[in-house]
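Letters A, B, C and D mark the chains as written, and numbering starts fresh at 1 in each.
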Amino acid sequence: MYHHVTQIRICYADVDQMGFVYYGNYPRFYEIARNETIRSLGLSYKGIEDRGIMMPVIEIGIRYKRPAHYDEIISIHTFVREIPKYVKMTFYHEIYNENGELLNEGFATLAFMQAANHHPCRIPEFLKELLSPHFPEQTEQEASKNL
Amino acid sequence: MYHHVTQIRICYADVDQMGFVYYGNYPRFYEIARNETIRSLGLSYKGIEDRGIMMPVIEIGIRYKRPAHYDEIISIHTFVREIPKYVKMTFYHEIYNENGELLNEGFATLAFMQAANHHPCRIPEFLKELLSPHFPEQTEQEASKNL
Amino acid sequence: MYHHVTQIRICYADVDQMGFVYYGNYPRFYEIARNETIRSLGLSYKGIEDRGIMMPVIEIGIRYKRPAHYDEIISIHTFVREIPKYVKMTFYHEIYNENGELLNEGFATLAFMQAANHHPCRIPEFLKELLSPHFPEQTEQEASKNL
Amino acid sequence: MYHHVTQIRICYADVDQMGFVYYGNYPRFYEIARNETIRSLGLSYKGIEDRGIMMPVIEIGIRYKRPAHYDEIISIHTFVREIPKYVKMTFYHEIYNENGELLNEGFATLAFMQAANHHPCRIPEFLKELLSPHFPEQTEQEASKNL
């Protein structure tokens, strides 16, 4: 499993009249966390697009437990649980406030797509290679299958 | 089942550099559609808050099938499948483009909460009464249970 | 002068914890109003882009007088005061609430730019022709200059 | 003069189909920069609201020179040019990209308002005191006037 933490401070624009972060802002926070997670692997989502691969989101789910408030710093934990085998990749997220309370948990699943023709494709090798060192067991299994 | 359709035209702000509506904007579109659905029942979400009830979102899920593009008019179909029995209410959504193609489908589940003390509560009677005419079977069943 | 009115209902996402529409949302409302103004002339901003012209915003100014609130319908009045002579075009806006109170007034100036090479250019003829019937005096003056 | 720099990385949500940061997102970036500027003085905007003062924005102006792109880090320079004397305060901003190119410059003027009754008021003393060390000349002048 690969795990990365990204922190964001809640700005005024993000809070609604309940005094809570608007529920519809979390997908953006998830996106920022995904990007920083990919960057921590040694690439960036921009680098993936520059190599001709787009990753549109095909599914999300979020369970909201507690609200975040203005000016709080939230910690977005992002988990990659496996090296994607086929045409999509899932990022799992848990957001905590400064007291360590779980605010919400969710996921986003993205497809791999060739930018040139918008056709779905398998996980690109350059991304697989960046993930491999963090999934020794999975990498070994696949290696042995290929013998 | 109660069914309502809301139309929205995609503005420039909502589209990303793929030329697609950013995935994180759909929860806002769902919110607009929920509100118009409640309004079509004879109230408004604002009217619910004015009566001391808040409805924070506690869960969402969205499956994205096709992208929406700039300047398109999307039709958001909202479905209420039953009169909520307890402390939460689910709205189901399907979004179609002008060609009748399904863009995405999802749901949002909201809790009923007393604004005064932030305690969860059952569906308020005034909302139940507005829904009842649209769920004759469910209303009858509950009436017979109360005999 | 050309004048067009666009109405928008304020959604939950747009309101901050003061209970006011967040000041940073008005540029988006201005954009929607600009687009509907262009559409009312017989084109659309998308149509302009499809003809190879982009119109990035180069300057905005807004004076905020009164706040808008959740679920209110605001009326965005858009004014074009002249047919642009050179490489830019200004739209003036006034937003009113349902009581006819002025909420804010402002403007946005956009440049004409060739999409192909990102070079600035003059107002395209097809847009000039759509504006001309609404500016008879200006059109006449220019015609006489060309004699 | 007081000067503070805040850095923000551009996320996917902020970029439009031109591949540029949508013009309407800059007021949010300005807000984040204002807040960090106030924080660098030893307070926070939240701290100001907690003391019963709200600061709604009453005017903004932005001149856009160059676009920002996805994944770039922008540096928002914020300038306070004087200790506000009356009921409003202006923050000046300049945004630069990683190459040191000016992307846009602008300002936001905020009013001081008592949260309790929404009446305008003068700059609160606690904020004046935090600014004073950075404006020795102005502080001296006012002190001499008070003799």
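Here, a contact is a pair of C-beta atoms (placed from the backbone, for glycine too) under 8 Å apart; a residue touches a chain by one contact, two chains touch by 3 or more.
Note that the structure is predicted; figures quoted are calculated from it, not measured.
Looking at A-C and A-B side by side, the one with more C-beta contacts is A-B. Chain centres here are C-alpha means, and the one lying farthest from chain D is B.
A straight line joining the Cα centres of chain A and chain C is 37 Å long. Centre-to-centre separation between chain A and chain D, using Cα means, comes to 32 Å.
Here the CA centre of chain A is 27 Å from the CA centre of chain B. Residue positions of chain A touching 2 or more other chains: 12-13, 18, 24, 28, 31, 70. Taken as a graph of touching chains, this assembly is complete, with every chain in contact with every other. Per the touch definition, chain D reaches chain B in the complex via residues 12-13, 15-19, 22, 24, 70. Against chain C, in their complex, chain B makes its touches with residues 9, 11-13, 28, 31-32, 35, 44-46, 70-71. Listing the residues of chain B that touch chain A in their complex gives 18, 20, 23-25, 27-28, 31, 54, 56-64, 67, 108.
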